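Here the chain labels run A, B, C and D in written order, and each chain numbers its own residues starting at 1.
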Amino acid sequence: MRFFSDNAAAACPEVLAAIGAANRVDTAYDGDALSTRLDGALSDLFEREVAALWVSTGTAANGLALAALCPPYGGIICHRTAHIQVDECGAPEFYTGGARLLLGEGEGAKLTPETVAGLMAGIRGDVHQVQARALSITNATEYGCVYTPPETAALGDLCKARGLGFHLDGARFANAVASQSCAPADLTWRAGVDALSFGFTKNGGLSAECLVFFRPELAEAARYRRKRAGQLLSKGRYLAAQILALLDDDLWLDNARAANRAAARLAEAAGADRLVYPVEANEMFVRVTPAEAAALRAQGFDFYDWGPNEARLVTSWDSDPAHVDALAAAIRAL
Amino acid sequence: MRFFSDNAAAACPEVLAAIGAANRVDTAYDGDALSTRLDGALSDLFEREVAALWVSTGTAANGLALAALCPPYGGIICHRTAHIQVDECGAPEFYTGGARLLLGEGEGAKLTPETVAGLMAGIRGDVHQVQARALSITNATEYGCVYTPPETAALGDLCKARGLGFHLDGARFANAVASQSCAPADLTWRAGVDALSFGFTKNGGLSAECLVFFRPELAEAARYRRKRAGQLLSKGRYLAAQILALLDDDLWLDNARAANRAAARLAEAAGADRLVYPVEANEMFVRVTPAEAAALRAQGFDFYDWGPNEARLVTSWDSDPAHVDALAAAIRAL
Amino acid sequence: MRFFSDNAAAACPEVLAAIGAANRVDTAYDGDALSTRLDGALSDLFEREVAALWVSTGTAANGLALAALCPPYGGIICHRTAHIQVDECGAPEFYTGGARLLLGEGEGAKLTPETVAGLMAGIRGDVHQVQARALSITNATEYGCVYTPPETAALGDLCKARGLGFHLDGARFANAVASQSCAPADLTWRAGVDALSFGFTKNGGLSAECLVFFRPELAEAARYRRKRAGQLLSKGRYLAAQILALLDDDLWLDNARAANRAAARLAEAAGADRLVYPVEANEMFVRVTPAEAAALRAQGFDFYDWGPNEARLVTSWDSDPAHVDALAAAIRAL
Amino acid sequence: MRFFSDNAAAACPEVLAAIGAANRVDTAYDGDALSTRLDGALSDLFEREVAALWVSTGTAANGLALAALCPPYGGIICHRTAHIQVDECGAPEFYTGGARLLLGEGEGAKLTPETVAGLMAGIRGDVHQVQARALSITNATEYGCVYTPPETAALGDLCKARGLGFHLDGARFANAVASQSCAPADLTWRAGVDALSFGFTKNGGLSAECLVFFRPELAEAARYRRKRAGQLLSKGRYLAAQILALLDDDLWLDNARAANRAAARLAEAAGADRLVYPVEANEMFVRVTPAEAAALRAQGFDFYDWGPNEARLVTSWDSDPAHVDALAAAIRAL
C-alpha cells in the first residue's frame, strides 16, 4: 500500500488506449495528426489562443519555460522549497544558460507579493548583482497547498509592475484546479501567468507534460530550445495522444478529483493537529513520531519520512480506496 | 505507402505489451524493477560490464555521451553530414556547454583514420584553437552505409593514440549489427568505442533510447546530467520496459533484419546505377529525375527528395511487404 | 627585426601618458570621470548616438557582441578563416551559450552577399537545423584586405532583409578606415552594422578594446554580460584613458596610417607576383620558398610561416622605418 | 577624502615603472619574457611548484578557479555574503556552465567546518539534488576578518574528507597575510587550498590578478578556458610586469601593511562598541547613526552606507595618512 508519490502511479486506461490508437505510421516529430491538434485543444481549455509544446518531463517543461522568461544573466524568484530549486539538479541553470534562483520564504511553499517585493528590495539595481527577471510558483505547491485565483493575480500584478516573467509549475495543476473548481484561465493567464508547465504524468499519463505559453510568441524560440534539449521526440504522436486523452471529457479533472478526495479522507482521519499544512490537493504532511511511523509501516503502508517527526503521504488518481480507507483507519488508531 | 522515415514507424506489439505489463504502481524515476535490470541486460548483450541509461531521444543520448567525452572547450570530430551536426539544432553545443563540432569528409558519411588524422593535423596545438577531444561516428551512417568491425577498430586505435573519446551514434545500430551478423561488442568496445547511443525508437520502440557506457565510471556524471537535462523520466519503467522487450529473444535484431531486407529488395530493383551509396542498412539514396520522382508519387509512394535528382527511401521493421514489392516494381518500371 | 604581429607592438607614448594621468583615486569600475566620457567620444566619432563599453580583449568584445546579436540556439555566419572561428578557442560558443559558427568561403577572407545567401540557402528552415541569426565580418580582414563601404552596405542590406544581426570585428578597424579615408560611420552603422569590436590594443594601446553598439538598446544586456564575464575591470579608468588618448586628435588614424604605409612599402618591394592577396592594410602574405624564408631570417627578420611556401608579415604603428626599409631591400634581393 | 574602496586606489609607482619598462616589442599573449617568469616567481613565493595565470579581474580569476574545481552539475559552498555570490552578476554560473552556489552562514563572512558540514548534511545524495563539489572562502573576508592558518586547514581537512575542491578568493590575500605575518603557504596549499585568486589590483596594481593553482595539473584546462573567456590578453606582458613588480622585494606585503595600519588606526579611534566585526585587514564596518554619517560626510569623508546604521570604511595602500588621521579624529569626536 504505497503512498510514496503520484510519480509512481499507473497510467490510466484511456491513456493506454490512446497510445494504442496512435500506433500507426504517421509523420515524425510533431507534424503528426495528434500533435498538430494540441494548440487548439489547449486554446479551447484556456479560453484564449495559446501555444502548446509536449515534452517528456516536468523538469524539461520548467527549464524551457524559464529559458523563455529569463536571460542567462538574470534571476528567477522561487520558494526555497520549489521543485526547481530542490529536485531538478540544476536544470534551471542548464536550460537558461546560468540564471540564478533567488529564494523566498513562505508558509506551505507559497510566496506572496510581499515576500517577492521584499526579496527584490534586497537587490541593488546595478550590474554587480543578479537582477530578478522572472517569478516561478508551483500550484498546487510542493506542500500540497493551493494558490487561489486572487492570490495568483496579486503576484501577476506585481510581475507586470516589476517586469518579471511569470511561470507556473503545474506538475499538479490539475489538483489545484480540481480543488477550487475554477476555470483553468483563472489560475493562469487571467492572473498574469506567461507560461505553464502543465503536468499530465502524475495524473494518469505515462510520460507526457505540456508547456503552455499564454504569450504564443514565446513559443518560437522554445521550439528550437526543445529540439536542442533532446525533447523533440521523434514519435511525438504518443505524447500528444496522452494529453488529448486526458483532456477529453475532462478526464484530467476526474483523475485529480479522485486523488484530492483520497487525500481529504486521510486528512480528516489525521485531524488538524497532525497536519503541518492545510490539505488542499493530493499531498499531505503529517506529524508522526518515529514509533507511529514504524507502526504504520508495520501495517503495510509505505511513504517518505519528511524529517524525524513528519511523514509525507501522496495520493493519486488510482489510489485504491481500500488502501486509503485502511490508512485512514490506521491513522485514527495511532 | 510511406518511405519517409523509420521515425514514423509504429511501435511493435511486444513493446506495447511490455508497456501494458509495466503499468502498475512502482518506484519512480529509475528505481523500479525494470530500470534496475538495464545494466545487467546490456552487460549481457555486450559481453562486458557496462552502465546503461535510458533517455527519451537519440539527441539526448548523443548530447549526454558527448558531454561525458569532451570538455566545453574541446572539439568533437564528426562527419559533415552527421546527425549531430545537421539535425539536432545545436544539441551537442548545449549539452557540452559549448564544445565545437569539427567536420570531416568521406564517402557515404563515413570517416577514416586518414580523414580524422588529416583534420587534426590542421589544428595548431595551442590555446587559441579548439583542440579535438572526441570522435563521433554514426553506424549505420546517415547515408545507409555501415562501418565494419575492423574499420571501427582502426578509428578506435587512432582515438586511443590521440587521446580522443570515441562516441558511436547508434540510432540505427541494430541495422548495422544485423547487416553484418557480428557481435555487438565487435562494433563497440572491442573496437575502442567508449559510449554508444543505442537506438530503439526507430526499430520498434515507442520512445526509448539507451545510452551505454563501456567505461562505466563515465556514467556517474552522466546520471546527474541526465536529470539536469530533464531526461530522467518520473515513470522510467515504461522506457526500460521497451528496451527490455526489444532485447528479449533478439527482437531488436529481427526488427532490424526486416527493415534491412526491405531495403535490399528495393536496392536490387533500383540497380547499381541508380544507387548513390551501397545499401547496407535500411536507408537508400536513389538517383531519380524529378519526372521519375513525380511518377512514383503519383502511384502513392511518399518519400523525401534529397536534392533535385535524388530521393531518400527508408524502410522500417514494419514496412508492409506489399508496399515494398509495389515500390520495387515501380522503380524497375521507371 | 620582428614582423610577427601588431599584438607584439609597444603602447604609444600618448597612451602611457594617459595612464599616468589617470593614476589618481577615482570611482571604481566604470563610474569614473574617464569611462563616463566614452559614450560621448564614440558618438562624436561615429556621428550618431552609440553605447560604448571598454573590455580587455578583442575576443571578449567579439563574444559580447555576438551574444547580443544571436541566441544560444542560433548560428553566426562568418568566414572560414575568421578570427572568431580559428583563434578564439570557442569564445563565441562560450559567450553566446552555445551558438554555432556557420562557415563561408571567399577570397581574402571576405564574404559577399552571394556567399552569405548561398550558405543560408543550404539551411532547412525547421527546428532541426541551426538557423542563421547573425553575420560577423572582419575589417580589415585576417588576410589584410578591406571591405569598402559599398561592400559592407550590401551585406548590411542582406542582414536587414534576412533578419540577421550584423557584427564587425574591427581588431584592425583603424587600418581599414585609414586605408580608405572614409568616415567611420560609412564602414559601420550607415552600412547596417549593429555592433563593432573596435580594436585599440594592436594600434598603440596597452590593453584596451571598445565594444560599440549602434543600437544603444543592445548595451544594457551587454553590461550585465560584461560583468558576468569578468570583463568589468575595477579600475576601468585606465582602459578608458587609453581609448580616449587614441581618439584624441585622431591619433588612432595616425597610428594606423603608419602601419599601413610600412606594409605598402613592403608590398611594393615584393611585387604583385609574390602577393597572395592585395595589401590593403597592415598585413601581407608573401609567396616565398623555404630557402627564401630562411634567407630572410638569416638576415634578422622574424615572421610567421603561413604554410610551406608563404610568409605572413605584419607591420604596426611603431614598425621601425629602418627595419622596414631593410626588409623591403631584402625582399627585393631574393 | 575617499574611503569607498581599495578598487578606487591608484597604481603604485613601481607598477607604473614596470609597465613602462615592459613597453617594448615582445612576443604576444603569454609567451613574452615577463609572463614566462610568473610560474617561477609564484613557486618561489609559495615554496612549492605552482602554475600561475594572469587575468584582468578577480571575477575572472574566481570564475576560472571554480570551473576547474566544480562540474556544471555541481555546487559550490560559499558564504551568503561572498563576493562570488553578491557581486559578480552570476560569473560563477557563467564560467562553470551552470553550477550552483550553496550558501552558508557565519559571523564576519566566515565559514567553519561545522557550517559547511551542516550545509552538506541537508543535501540528499541523489541525482535530484545539486551535490557540493567545491568550497570557496574569501581571505581576508568581505567583512574585513581573516581566516588563520589553522582555521583554513580545518576547512581543508573537511574538503579532503568530503571530496570538495578548495578555492580561496584572495582579492585581499595580501591583507590577510600581512595581518598575520604568516607564510603565504600557510594560508593556502599547506592548509589544503587547491586554487587561489591572488589579487593585485586593489593592492597597488593597475589591473592584474593572478590565478594560482597548487595542483599544477589543473592549469592546462584553465589555460583553454582563459582564452575562451577573452582573458588571454594579447599584450600580457603588461600584466605580468605588474605582478612581478609587486612581488619584488615584498612590495605587495608593504602595500598591504600600509592599508592594514590605516584601518587599525581608524578602528582604534572607533572603539570596540562601534565595530561590527573585528578589524583584521583593511575594511571596517562601523555603527553610526544617519546623523553621524552625515556629520562625517559634511567634513569631507566619503564612504558607503551599509544599511541604515552602519558605514563601511576601506583603506588602501595609498590612503593618505593625513586623511586617515583626520577621519580618526572625526570618528572620535562623534
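Quick note on the criterion: a contact is a pair of C-beta atoms (placed from the backbone, for glycine too) under 8 Å apart; a residue touches a chain by one contact, two chains touch by 3 or more.
Values in this document were obtained by computation on a predicted structure and should not be read as measured data.
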Greatest separation from chain C - chain, by CA centre: A
Which of A-D and B-D has more C-beta contact pairs: A-D
Inter-centroid spacing, chain D versus chain A (mean Cα positions, whole Å): 42
Whole-Å gap separating chain C and chain D, where each centre is the average of the chain's CA atoms: 34
Distance between chain centroids, defined by C-alpha means - chain B, chain D (Å): 49
Chain C: positions in contact with at least two other chains: 29, 72-73, 88-90, 94, 97-98, 127-128, 224, 227-228, 232
Residues of chain A touching chain C in the complex: 71-73, 97-98, 127-128, 131, 221, 223-228, 232
In the complex with chain D, residue positions of chain A that touch it: 72-73, 75, 86-90, 93-94, 97-101, 127-130
Footprint of chain D on chain C - complex, ascending: 2, 4-5, 7-11, 16, 19-20, 23-29, 55-63, 88-91, 94-95, 201-202, 206-207, 224, 227-235, 238-239, 318
